[in-house]
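Reviewing the structure listed below.
Think of it as A, B, C and D in the order they're written, each chain with its own count starting at 1.
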Amino acid sequence: MKEVERVKNDLVIANRILAREEVADAYGHVSVRNPDNPRSFFISRSLAPELVTPDDIVELDLEGNPVGSDERPLYLERFIHGSIYEARPDVTAVVHAHAEDVLPFGIANGTPLRPVIHSGSFIGAHVPVWDIADHFGDTNLLVSNVEQARDLAKTLADHNVALMRGHGFAAASRSLIEVVRMSVYLPRNARALLGARLVGGDIKFLSEGEIEARNEKAYGPYSTATWRAWEYWANKCGCGRLVSRSQDKK
Amino acid sequence: MKEVERVKNDLVIANRILAREEVADAYGHVSVRNPDNPRSFFISRSLAPELVTPDDIVELDLEGNPVGSDERPLYLERFIHGSIYEARPDVTAVVHAHAEDVLPFGIANGTPLRPVIHSGSFIGAHVPVWDIADHFGDTNLLVSNVEQARDLAKTLADHNVALMRGHGFAAASRSLIEVVRMSVYLPRNARALLGARLVGGDIKFLSEGEIEARNEKAYGPYSTATWRAWEYWANKCGCGRLVSRSQDKK
Amino acid sequence: MKEVERVKNDLVIANRILAREEVADAYGHVSVRNPDNPRSFFISRSLAPELVTPDDIVELDLEGNPVGSDERPLYLERFIHGSIYEARPDVTAVVHAHAEDVLPFGIANGTPLRPVIHSGSFIGAHVPVWDIADHFGDTNLLVSNVEQARDLAKTLADHNVALMRGHGFAAASRSLIEVVRMSVYLPRNARALLGARLVGGDIKFLSEGEIEARNEKAYGPYSTATWRAWEYWANKCGCGRLVSRSQDKK
Amino acid sequence: MKEVERVKNDLVIANRILAREEVADAYGHVSVRNPDNPRSFFISRSLAPELVTPDDIVELDLEGNPVGSDERPLYLERFIHGSIYEARPDVTAVVHAHAEDVLPFGIANGTPLRPVIHSGSFIGAHVPVWDIADHFGDTNLLVSNVEQARDLAKTLADHNVALMRGHGFAAASRSLIEVVRMSVYLPRNARALLGARLVGGDIKFLSEGEIEARNEKAYGPYSTATWRAWEYWANKCGCGRLVSRSQDKK
């Protein structure tokens, strides 16, 4: 399989995983940068992630315009993806979704969303909250153009995740597998933190040193531990037969 | 397909979606106004929404009496639907249900149920709470006659949703697809708000301007974004093959 | 079908419903009084409710001994059932289970478990909490003999449900369908009350008059509304084909 | 079936149960001591528990090295198992997992995780919390070598469960069936305790006498009550046909 085909195949799996793990529902989307052209990316046409097949993948440029003649309806918020790829050359994959248990941390300010469990470390030591109202006033809360998307990317800065007030989150990573993993563990970390609030007393967050240590070791996209999760989630969402490991990566 | 047939077909899908999304269980019902006669509406006979098929749809007048000779048992609370259609010419579809996570806001008064997430905007800036005990004293809490239903419709007034104390909610919308979407996101908005209470600190609700902006744009029943959800939910509840788009609507 | 056969058939359905609705897991049991002999009752042999078939039903006397020569292992806590039938001639069916969301109210004393939603009315205005330690000291918490079971029945008195501290609940009703319905809505009422705690402020419980009004009307085991739930739950747990309505009851 | 084959067969079932009951996801593992050699144990190769089959079982020595020539990737944290078997001759089976509802108690210190429900008694009167940072500073939180694993085993001491701060738990028991049961009821006990926090007021934990009484009676791995759960969980996760009872144990 050619690399670009493998990437599209993995994007289908990623869509299905995010649906099955309840990160996305009718809404939410995941994209991957074109390995042959860093100025474009692949994403589904406007379709619920659970229903995405290879034929639904479209190629968009960083301003959100289709590359070629595809005229099918697109995600309204596709600008989020382009603007993050533009601002972050290190990023290869982006998720925007509304996973339910993440939402409270974009609404109330009593407890910051920070890593409390080891699998939540990937969100990084600081998760900024972007409020579209700060620069754009009363909107329908959707990131509907490049200007808004660039503002979000500016808040994301060099972090891995930004919460979007009253809306959801945007997550960025160096690989598709990693952005999926982060998107699955982000709500789990949120639930653990909500539970800790109920337990009461002092909350012990991961230290900055621990967060760094986790990024350094053992968790690349093709490591034994990461691959185990990808394979598991793909099977769980009915895509087990589609899983294939890139030939040139270990 | 004739419009009236399409409407009944969509009503079956709506029943199944509400069951699958856990808005309804054995109880709860959804109706749609007859497109050929604004003084009657379609609703299932007394049956759990998950089990509704086209043959179960009956036509009732606004006082809750069957149009024609159907003698099958009816929902006891069918009066809710008729009285809302009577009071609200702008309304085409009504849901009454007991979605679990909405219930606390009809029981305790510490936090009003207002939109905190963008998909919750459709419930509107204010969600009144109707307490049947206020005008009818000790009842079995069910809306069992036209008088009670009209009282509920009066509390609903020109809002989109009314909570019913210790019981559930009534939701009204200009289309079937929209009332289903609102009924699915109402409990999600409630959960996000409960989570925000646990996060602690100040809660940022959607502003009135944001709520208005969302109603103005992009979210009609046949818009790309809304249709995506309808198609997704229909597939999820096993009704994918029944989905058809009205010919005369975009 | 003879009445005794119909009762056993319904008992199988009841077992499956309680499993599917997560009232019971590996543990928990439901019984029904023998319609031909008020001094005995039917219950499954020791088996998880989800797996119960007609062949697993045994007949026990009110002291928990098998009627006839059945030697299969029995539920250790079968005494609960016999002692409630003994103390309460009005009772035809009993459930003992550990539905998870009911447990907190038997552990902490900050909020009494009382009806807050209309479908929770059946638990009655007062739900006593029985603590086995009060009269029996340090035990394994299981109701292992007639003496303990009679003590529980004494606390239950003429109520519909008793919580068992650190353990679960016992529910008693005049029909199998009703005890199943109550057991399904008991945890739902508990969840609504926990949610109301999180909403904060004052909690409005159902009034005594409302609880009475609900018992008087519309909710007998073969009423339209109750039958709708039984039919729905039976279908949901895969027992739709087993549902049959008693010929002599409406 | 030879005892060693039966043990491996049960280990496959145990993996599947832990996955189905959401104790494990892509991560988490269960092992059993080799009945023919107390210095080695069986565990899956690096694979999500839901996917484990008999061919995936490997044999490791107490330092985590494969016995024989197996070269397939192994669980990084396999050292946890070996070190517990080394320190605790009474232990036959070990689980390490990250069941979500247990996590809060390893993060916040406001409420100790102690038994509040009878099925939670098996975790014992005291559940120590091990923080890898105490002796090893900033790590990736994984137990990656024998030294760390022995430190964890030292904190576990003669208890049944140790929480691991920001990570999960390790559970040890005298049989595979018992360690699975404990791992399933550990999160349930945690949820009941979180619920009790929400109920408010005083929380009644199981007394030490009650915990002891439960260990003494009726709950060996082949007792009627325990076997009922094993059989139920095995059926639920699709392994009903694999269940077989050891010939020489009752």
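Operating definition for what follows: contacts are C-beta pairs under 8 Å (C-beta built on N, C-alpha and C of every residue); 3 or more make two chains touch, one makes a residue touch a chain.
These numbers were taken from a predicted model, which means no experiment stands behind them.
*Asks:* What's the overlap between the neighbours of chain B and those of chain C?
*Replies:* Per touch definition, common to chain B and chain C: zero chains.
*Asks:* For chain A superposed on chain D via Cα atoms, how large is the rotation, as a multiple of 5°?
*Replies:* Rounded to 5 degrees, the superposing rotation is 90 degrees.
*Asks:* On a C-alpha centroid basis, what's the spacing between chain C and chain D, in Å?
*Replies:* Between these chains, centre-to-centre, one finds 32 Å.
*Asks:* Per the centroid of Cα atoms for each chain, what is the distance between chain B and chain D, given in Å?
*Replies:* 46
*Asks:* Mind pulling the chain C residues that touch 2 or more other chains?
*Replies:* Each of 197-198 in chain C touches at least two other chains.
*Asks:* Looking at which chains touch, is this a line, ring, star, complete or other?
*Replies:* Chain contacts: single closed ring, each chain with exactly two partners.
*Asks:* Residue numbers of chain B touching chain A in their complex, please.
*Replies:* Counting only chain B, the residues touching chain A are 115-119, 121, 188, 191-193, 195-204, 206-207, 209-210, 212-214, 216-218, 224-225, 228-229, 231-233, 235-236.
*Asks:* Across the complex, what residues on chain B touch chain C?
*Replies:* The contact residues of chain B facing chain C are 25-27, 46-48, 50-51, 73, 76, 98, 100-101, 103-105, 107-111, 131, 133, 137-142, 165-167, 194, 197-198.
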